[in-house]
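Take a look at these structures.
One chain, chain A, appears in both complexes that follow, with chain B as partner in the first and chain C in the second.
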Partner chain A sequence: MDYIKWELKVFFTNHKNLILFAILLVASVYYAFYIAPAYQPIESVNQNEIESRYEDRQEFLDNVEVTPGTHPLTLYSYQVYPEWNELDGERLSALEDGDLRAYAQATHEWYLYADYQIDTNRFEFLRYSPGYYTYGNMFSHQDGHYAYLYSAERYGEYASAVYNLNLNIFEERTALQTLQRLLESSLPYILLLSCLLLSNDIVMKDRKHPSIVNGFPMTPFKRMIMKGIVALIGSLASIAILLPAFFVIGFRDGFGTLNLPVVVYQFAFLNEGTFESMPMGMFLMISFVMVLIWFVLIIGLVLLMSIILKNEYFNLMIGIILFVEITYYQRGEIIENWLSYFPTSYVQFADIISGYRNYALLTGSLEYEKGLVVLLLTVILIILLIWLVTKKKRMTI
Partner chain B sequence: MLPLMKTIFLVERKNLKFRSILSVLVLFIIGSFVYLENSQFRELEPATASEVVALNSALAQFRNVDATDPEVASPLYRNLISQSSELANRTLGLVMEDDDTYIQGAIELTKVRDEAYTMEGFQDVAEFIPTHRQNQLDQALFTSIQSQNAPLLVDNSNFPTYIILLLLVLGYGWYLLVGILTSDILLDEEDHKSVVNGYPFTMASKLSAKILSYLIFVFALLIFTFAITITAASIIYDINLTYPVAIFNGYYFTIDVWQYIGLAFLYFICLSLVAISFSIILNYYFKNLYIVIFVHFFFFFLMQLLPAAGKWLWFLPFNYLNFSTVIDGQAAEMAGSRMITLNTGFFVLFITICLLFLFIYWQFYRRQIKHSKTANTRGGAA
Partner chain C sequence: MIQLNNIVVQFGEKKVLGGITTTFQPGEIIGLVAPNGTGKSTLLNVLMNYVVPNQGEVIFGDNLHYTNKKNEAHIRSLITMMPDQSDLYNHLNGMDHLHIYRQMWSQTSIEPNEVVERLNMAHYVKDKTYQYSLGMRQRLCLAMQIVANTPYMLMDEVMNGLDPDNVELISKLLEEKKKEGKIIIIASHLLENLEKYADRIFLLKDGEFIYSRDYRETVSDEETYLKFSSRENDKLVEELKEIVPELRYEELTNERVIMNVAQFSANQYLQVQAHLSQHAQVNMQIGTLDLLDRYSVHYN
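Entry: the complex of A and B
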């Protein structure tokens, strides 16, 4: 136990680690104060937008005259707009009354109806929200389709929710939803890279004082495990460092509850899968388990590389495994199923839990259960290797 | 000094640091080929299709009116309509595999689009059409393709596209790579002070030997990377050294691929020198590997953190550490200063190198002399 205490003390007084913690703290608080409030979702709650669309179409419906010579597009609009506008009208009146539950129900139906019309119409004059069609986006239609069905599922859940609703929940601005959004974009890289940088020198620092270190009455393997535990605690501390930012967002925009829906896409052939939802608590728990296993994997690799190669630069190279998947998982390509048996395919774990990866890559092979098994097997393999090497080498670090 | 350099080489030959950097580069080279195989980087078909969709979205921001009537249609709307007809020519060229139609359509499109940037209400549709910089680069590229009678590159599996991808990524990473490599340039001597101080050389020659050997190593890495990638790319794809590449240097124009490679090579040498000299100074003050690396990273990303700073401080070197954003004009666009060009980049980096080495000279040599003088007057007890 004394050894762990001593290692912890060294770990948390290490200049590099302190600087890293400071960088994480400053960056996250900066994010909470400046970047998070500027977030503007494409599917926002915008009364003006609904109103102008509603009035335009109402004017059309009031004035249109259908004769045998009517243009087919006019005819099509004449058939489609009445129901669509009714839904828009319900949304408007719910917003004016402040009845968010009714708004959620109407919006849920609106998204389903709109997606059906846009996705199946043959004229291509209907489009999803313009935010998806920015210059350079080659998958705008797919993105819009996903976002509409995602919103439909979300609002359906809100309509039958037991917790209080507010606009921040609708626009996914609460602290928990911000966390979810970050997990689905850049946070995995930040967490895993900081874990690597924190644990990078945990073995190598001992080389400077071998006489002290070798005096501990402990087998090398046990000492490795102790070091691993210390690095794990330190890496978990880097998650704790992000808490102030979480509270800043929470006190400003609300925390949200653990019952909030996280939409999960179940892949089916030709991307015609279904959208379901899981509770936020469940999503965060699976994410946490994934992060934990990734941490153990990275720390295990650091330990292994440290005792085999004895060089800090080689440890930094472990960071490459986080970026390997970029070379083979590209949208618009045909994805081979066997690629999903690589541990490197599971860096973006939140996207895999929510099924977005499967949607974007048009594959059914990426599931988080499989990811857990693959990662766990890798971890066991690495620990076995560490054990073997320490045994064989009669190591003096 | 030569025997010392020989010693350094003999010692460092076994240093795993160099091998790890080498393996990073090898992995990167393999990865770049795999990436190009899988990605849609610079492929014309998906790019043109998405451009059509984006432009249609821009048009959907307006009410449908008669575009031929200047009374009811705004100039921007009419401009967008003529853009979409030129864009249709590009699509037609792709479908019919008729390069000339595509190129002609692309040139006309960039010309028409060029007028849109100053029109009223442009901000509302800005996200649907490329920025002014991208448009100018396109115009330069397609005009050169037409005048040189170069073939149109529809797919991305070809030599010029690979070189553009390679230099794009290397341009981002080279400064950081050399920065990380040299981040402990003086630190390993701290670990074995008694050995190092025992060398029968002055501090000056020790330092110059160290710098020289690192320089040789970095140059070797650079030549290795360029040689391997160019050879491999010319075997996999057919070599084509005269295809035009659009760049920014105050204005927009094209150069041949081989000139592009040469420019990048020279620029990377300058970046390497800056990184090495900066590392030495940081080493002297901080004596911690990771702090040096963090400072390098901070310096590199300062441009992204404070884009507005470049407007007035264009003469500071941190604007020029990223080759890719300098050569395609992104740095100038981001900072809002047309001064950030390749020429000023070379100039500023050169001045920086001179200043840093002067500083190192003053810091290490002069102090050394001063120190030994004071030591002698006190009776040689130092």
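Entry: the complex of A and C
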């Protein structure tokens, strides 16, 4: 414990680490103040849009005359618009009445109906929301399909929610939902790279103080484990540094609750899977466990490379493992199941927990339970290697 | 007790230690004397197991060897090497350094404040170490080791950068530690001072002890020399040759001329002294060779 206290003191007074913490703090607060408020979800609560679509279709329904010679598209619209518009009408009424639970129920049904019509219509004139049809996106239809069923599941959960609803929850702007969104995008890279940068010199910094630390009365393996614990605590502190930004978003847009639904896609052959929900609390807990294991894995690699190669700059190469999966997980390619046994496949762990990875890559092989086992086994292997190397190798820095 | 059995250290073709065998007893201050690069630091590193000897073994206490990592950790709870002042953490203060040594050697360590008081460090110990002078850093390094208070203490150039007051202060402290039964091994080139407090001194050359002296014992058969130093050694030697035509002398690297008095007749002895005494700038001594002389003799 005494050695840990010492290492913690050195770690938290290390200029490089302090600068990194400061950068994380400033960047996250900037995000909370400027970037998060500008977030515009494609599936927003847009009364004008609903109203405009409702009126257009109602006018069509009021004026259309169906005869034996009516164009098939007109006939098709005549058949599908009434129910569709009824749902839009319910949504509008609910919004006007301020009854968000009724809005959620109608929206749940609206998304299910809309997705069914768009996904199955033979004429291909129906489209999902325009936000998916961006330049260069080869998977617009799939994205829209996912988003509609995702939204249907989400609003279905809201309709039966026991907590208070608001538009920020619907548009996923609350602090917890923002955290979820970030975990499903860049936050894993930021956290894991921070862990690497914070810990990369945890062993090699001793090189500047050999006559002080080399004689400490402890086995090299114990020393490595202690250093690992300190690097882990330091890396967890990088998560704590993000708390001010979380609070800024929370006080402005609401925190959300741990019962908010996180939609999980259960893969089935040809992406005919189902959309279910898990509580936000569960999602965050699994994410935290994944981050924790990733931290241990990265720190373990830093320790191992430090005692073998003895160069902190080589340690930075560990960062490559975070981006390896890009080379073999390409959307639209055929995904081999055995690739899911690589720990590098689980960097985007939040997307794996939510099942989005399986949907996007058209595979059922990526599951967080498997990821936990793969990552844990990798960690055990690394710790074993550290033990072996420290047993065999001279440990003067 | 520390026992060195035939310690051989070789780096490539170069033999740094060529079979050192000796025993250090509790309550001894050992002086290791040699110019830089002659193996004294290597010997200390062997004692710490930073360097593994090609041959031989070091035994601590009853039968403790560096046989595995667990034993190494155990031995290191009994031995400390004084930190190098350039290794201090510049962004931490002196007290932080003392506390880690206190905590890491918790079984033997003593209260840091006592040591701070003893070494007159109270006025600066809470400042960050980058502000320290050479002497302040050196005192902190020694204080760290004193706080650890292990039975075996190794010190490399402990008096470096210290002013005479502090040399005296630390000499006294080392004496006290010796009385507590510790084995203190000091590698140093500050010879005159070392001679005052070391119990035994070893001169190391070509990887071997070429001279050793136990200052606790009186040496009866040591030869007596007449020694002098001046700015005109050569001229004086020529003048002395007129008194003693067959004069046998040696000029050491410390610019001292030594002459064995056994070569003089009684008359010559008096004449030589009288002649040297006439020169005001001549520093003349009669006695056995001191450590400085031995050093100069062996490392010419």
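Assume the second predicted complex is superposed on the first by the 395 of 397 C-alpha atoms of A that agree within 3 Å, B and C clash if a C-alpha of one lies under 4 Å from a C-alpha of the other, contacts with A are read in each partner's own complex, and residues count from 1 in each chain.
Convention: a contact is a pair of C-beta atoms (placed from the backbone, for glycine too) under 8 Å apart; a residue touches a chain by one contact, two chains touch by 3 or more.
Since the model is a prediction, treat every value here as computed from it, not as a measurement.
Novice: Following the superposition defined at the top, how do chain B and chain C come out on chain A, clash or fit?
Specialist: Pair status: fit.
Novice: Considering only the touch criterion stated at the top, classify A:K370 as touching first (chain B), second (chain C), both, or neither.
Specialist: A:K370: touches no partner chain.
Novice: Touch check for A:R181: first (chain B), second (chain C), both, or neither?
Specialist: The answer is neither, since A:R181 touches no partner chain.
Novice: Of the two partner chains, chain B (first) and chain C (second), which one does A:M218 touch, if any: first, second, both, or neither?
Specialist: second
Novice: Identify which of chain B and chain C touches the larger number of residues of chain A.
Specialist: Larger number of chain A residues touched: B.
Novice: Applying the touch criterion given at the start, work out whether A:R57 contacts chain B, chain C, both or neither, answering first, second, both or neither.
Specialist: After superposing on A, A:R57 lies clear of both chain B and chain C.
Novice: Using the superposition on chain A described above, determine whether A:K5 touches chain B (first), chain C (second), both, or neither.
Specialist: After superposing on A, A:K5 lies in contact with chain C but is clear of chain B.
Novice: Output check: A:L197 vs chain B and chain C. Expected answer is one of first, second, both, neither. What do you get?
Specialist: So A:L197 only meets chain B here.
Novice: Using only C-alpha centres after the superposition, what angle do chain B and chain C make about chain A, to the nearest 10 degrees?
Specialist: Vertex chain A, arms to chain B and chain C: 70 degrees.
Novice: Regarding the shared-chain residue A:E333, is it in contact with chain B (first), chain C (second), both, or neither?
Specialist: The first partner, chain B, only.
Novice: Can A:Y313 be said to touch chain B (first), chain C (second), both, or neither?
Specialist: A:Y313 sits against chain B, while chain C stays out of touch.
Novice: One more residue to check, A:R252. First (chain B), second (chain C), both or neither?
Specialist: After superposing on A, A:R252 lies clear of both chain B and chain C.
Novice: Measuring by CA atoms in the overlay, how small does the chain B-chain C distance get, in Å?
Specialist: Taking the overlay as described at the top, chain B lies 10 Å from chain C at its nearest C-alpha.
Novice: For chain A, which residues belong to both interfaces, chain B and chain C?
Specialist: Touching chain B in the first complex and chain C in the second, residues 15, 208 of chain A appear in both lists.
Novice: Under the stated contact criterion, what part of chain A meets chain B in this complex?
Specialist: 15-16, 19-20, 23, 127, 130, 133-141, 197, 208, 309-314, 316-317, 320, 324, 326-333
Novice: Name, in rising order, each residue of chain C that touches chain A in their complex.
Specialist: 48, 50, 52, 69-70, 72-74, 76-77, 79-84, 87-89, 91-92, 96-97, 100, 103-106, 144
Novice: Looking at the complex, which residues from chain B come into contact with chain A?
Specialist: So the residues of chain B in touch with chain A come to 15-17, 19-21, 23-24, 27, 31, 34-35, 38-40, 46-47, 49-51, 53-54, 56-57, 60-61, 127-130, 180, 191, 288-291, 294.
Novice: State the interface residues of chain A toward chain C in the complex, per the touch definition above.
Specialist: Against chain C, chain A makes touches at 2-3, 5-6, 9-10, 13-15, 208-212, 214-222, 390-391, 394, 396.
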